[in-house]
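Several structures are given next for inspection.
Each of the two complexes below includes chain A, the first together with chain B, the second together with chain C.
Coming up: the complex of A and B.
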């Protein structure tokens, strides 16, 4: 546990200190805030159910942020494991008796938590602006954080796992380009245009939890989603992440045996 | 010529095979489609996919060279390095695009909705040029190839998902990478293409200035 926490802490601090990527994330977030302000906050206070209205608004805010944020998370995380190989860090760490299982898990949670931290900061910033400008109740900030946990966090955990594992078996840039294309194809493209998984439980855009838990539909033609489907969607994404990490550990073990 | 040969050798081979592989995939999808859907696939490849490939590959053209410091030790002007490296990526993109268009012609799919021969080249070339220079310039700004790719990826996904909003806004549509392919015969596309070209030139100047400060990358 001590080793795991040590790797996690080290990876977290390395990942979150990449200034250039932080600047890019905040620039896109600033554009997002501009869009929100330009469109005008459409919030309608319904006397009968203010909580539901706030939840829906919070969900929509996080869902729109989820359009691009996981792409930057995926691209940023893609070099984390490969970098260890390049710099020979893995050999040094292995000589300390640190196993691949603990190393990969520590690295994974360190990177994922660092990305989640950045998103939480952005969401707190946006929701505070909305609270101030639209005189919304302060609870809106808390609802936004809840929305991050249910809508965005599963996507971040899903994306981070693949971004750590896949570049070990393919060039980083190839993965990054394919991943960016996947994010659009697999989550937002209509099956009527091209065959896609966007209407299945593999959708990582956060659409399923948003509809089921927050009662918000961004497009009127979206089908209703039950709570069971939304939970299944989250579990499938986390399950896929676990599979990717298991494959990564198995690959690292196999590579060490061959060396 | 020997320098060009070096640039070619220094490039990772996926700079060449990735665009060709993606083109092959789109060729296959085009073959599987019929009627109007074939044209949609062609449009998706030329107007939407090629700019991502150009930007993604260019983000890795400068800083991933293991002999970068040796390169800097020689008295070579920065503009030559930019021209060689971005030029090679652009060459691959142009080759892939023209091959794909030839294939489409042989298949009998009409590209006339994209305008005449010259107009339909602008539809993909201008956005590719913009993402190409953006990827290279931001990677130099960030001193990190990942930064360039994150900028290209973020911009691409935001613009593709919000293209309707961008296209409706009279100012913002001028920076929409996909406006040319969305409205290939409309009058506003000319201003859009001019704006994107001007942005590309400005970014090129920025890349040139940044590359001259060699100590940033050592």
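Coming up: the complex of A and C.
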């Protein structure tokens, strides 16, 4: 357990201190504050049920953030596992008796938590400024954090797992391009335009939990979603992440046995 | 005690297979032990097998009573191991203190206070305390090597395996580290692999010379030196022409009277001016490898 926490702590620290990630964080925050500054004022004029309205607004904010943020998560975490080989650190790590199971899990949670931290900071910044500018209740900040946990966090855990595992068997650049294509094809494209999984429980955009838990539909033609479906959607994403990590551990074990 | 019997290691399979070790037999007792050999001799492969990083293709390796063929055996050895690989990789975005602390956690130094003390002590040992909180990406090659040495020592290992540890160190640091290894070897196994013959001669009681995956010599450095007795000469060449006829030039020096060549070889009959010299360990090694 101590080794796991050690890997988690240092992977978190190495991941979150990347300057590029911090720059992206502030650019995102600035962009969304700019976009939502007007929307907050309109919102007050159009809604009667304040709690529902705040929840819907918070969900929408996070949903739109999810349009881009997981792409950044996927692209920026793609080097985290392969760099152990590139830097030549894996040999020292293996000499310590650190098993692949503990190493992969520690790295996974370290990187995923760092991405989640960045998103939480962005959302806190956006929601706090909206609260200040539009005189919204402070609860909006809490609802936004809740929206991150239900709408965005499953996507981050899903994406991080594949971004650690896949680049071990393909070039990082190829993965980054393929992943970006997948994100928009698999989550936002209508099946009427091109065959896609965007209407299935594999959708990672956060649409299912947004509709089920926050009652918000960004597009009027979206079907209703039950709580069970939304929970199933989250569990399937986490299950896929677990499968990707299991495959990664098996691959690293196999590679070591061959050495 | 480290016991190696009929150890084979082959990388790959089929026509592209490369055999790195061909039936190595070695017995290594506590203290400082040297591994010498040219590039591609199999030294690094042997070190990596002993560190439990690479699996042997055939044969047996026992380290302190642990069978390196088994996961349990490898785990036991790794728990008491300090390892400095030849190709040292570090995380450039960590400071030396953070990196060594990270390695200490992975090596099971769980108590935070003890870990802090150990990290401080090894960083001091390798003279990195002043820059310990700077990121590794700003370090020179020699400083990175010292971080590698520090991480190898941080768990106070019973078995220390160091592959080319002094590469990139300045002369003063090299001497300091050599002496440190000798001190550590009083109560430990220290396996030193190097190209630098002098490092072995000045530190190791026993040694092995590997060549093309086979043991060419096993014994002490003094005996290896004596192998070259009566085969080391100095030949002065007024016109600078290099001696040949199967002689290996160990060193050369430009002097007012011509070029002095120190050579190792069996027959210097063609050079009546040749003067016999006392052999050094390097001469013994060259004679052995001829």
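What we mean here is this: the second predicted complex is superposed on the first by the 246 of 259 C-alpha atoms of A that agree within 3 Å, B and C clash if a C-alpha of one lies under 4 Å from a C-alpha of the other, contacts with A are read in each partner's own complex, and residues count from 1 in each chain.
Here, contacts are C-beta pairs under 8 Å (C-beta built on N, C-alpha and C of every residue); 3 or more make two chains touch, one makes a residue touch a chain.
Keep in mind that this is a model prediction, so the values were computed, not measured.
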Chain B versus chain C as contact partner of A:17, first or second or both or neither: second
First, second, both or neither for A:257, with chain B first and chain C second: second
Touching partner for A:6 - first (chain B), second (chain C), both, neither: second
Most chain A residues touched (candidates chain B, chain C): B
Which superposed partner A:93 touches (first chain B, second chain C, both, neither): second
Doubly contacted chain A residues - partners chain C and chain B: 18
Footprint of chain A on chain B - complex, ascending: 12, 14, 18, 29, 37, 40-41, 44, 49, 52-53, 56-57, 59-60, 138, 141-147, 149-154, 156-158, 160-162, 165
Footprint of chain C on chain A - complex, ascending: 2-3, 6-7, 10, 13-14, 17-18, 84, 87-98, 257, 259
Chain A-touching residues of chain C, taken from the complex the two chains share: 48, 51-55, 74-75, 78-79, 81, 83, 85, 87-94, 98, 102-103, 105-108, 110, 148, 151
Of all residues in chain A, those that touch chain B in their complex: 18, 20-21, 23-25, 28, 31, 35, 67-68, 71-72, 74-76, 78-79, 171, 173-174, 176-177, 179-181, 183-184, 188, 193-194
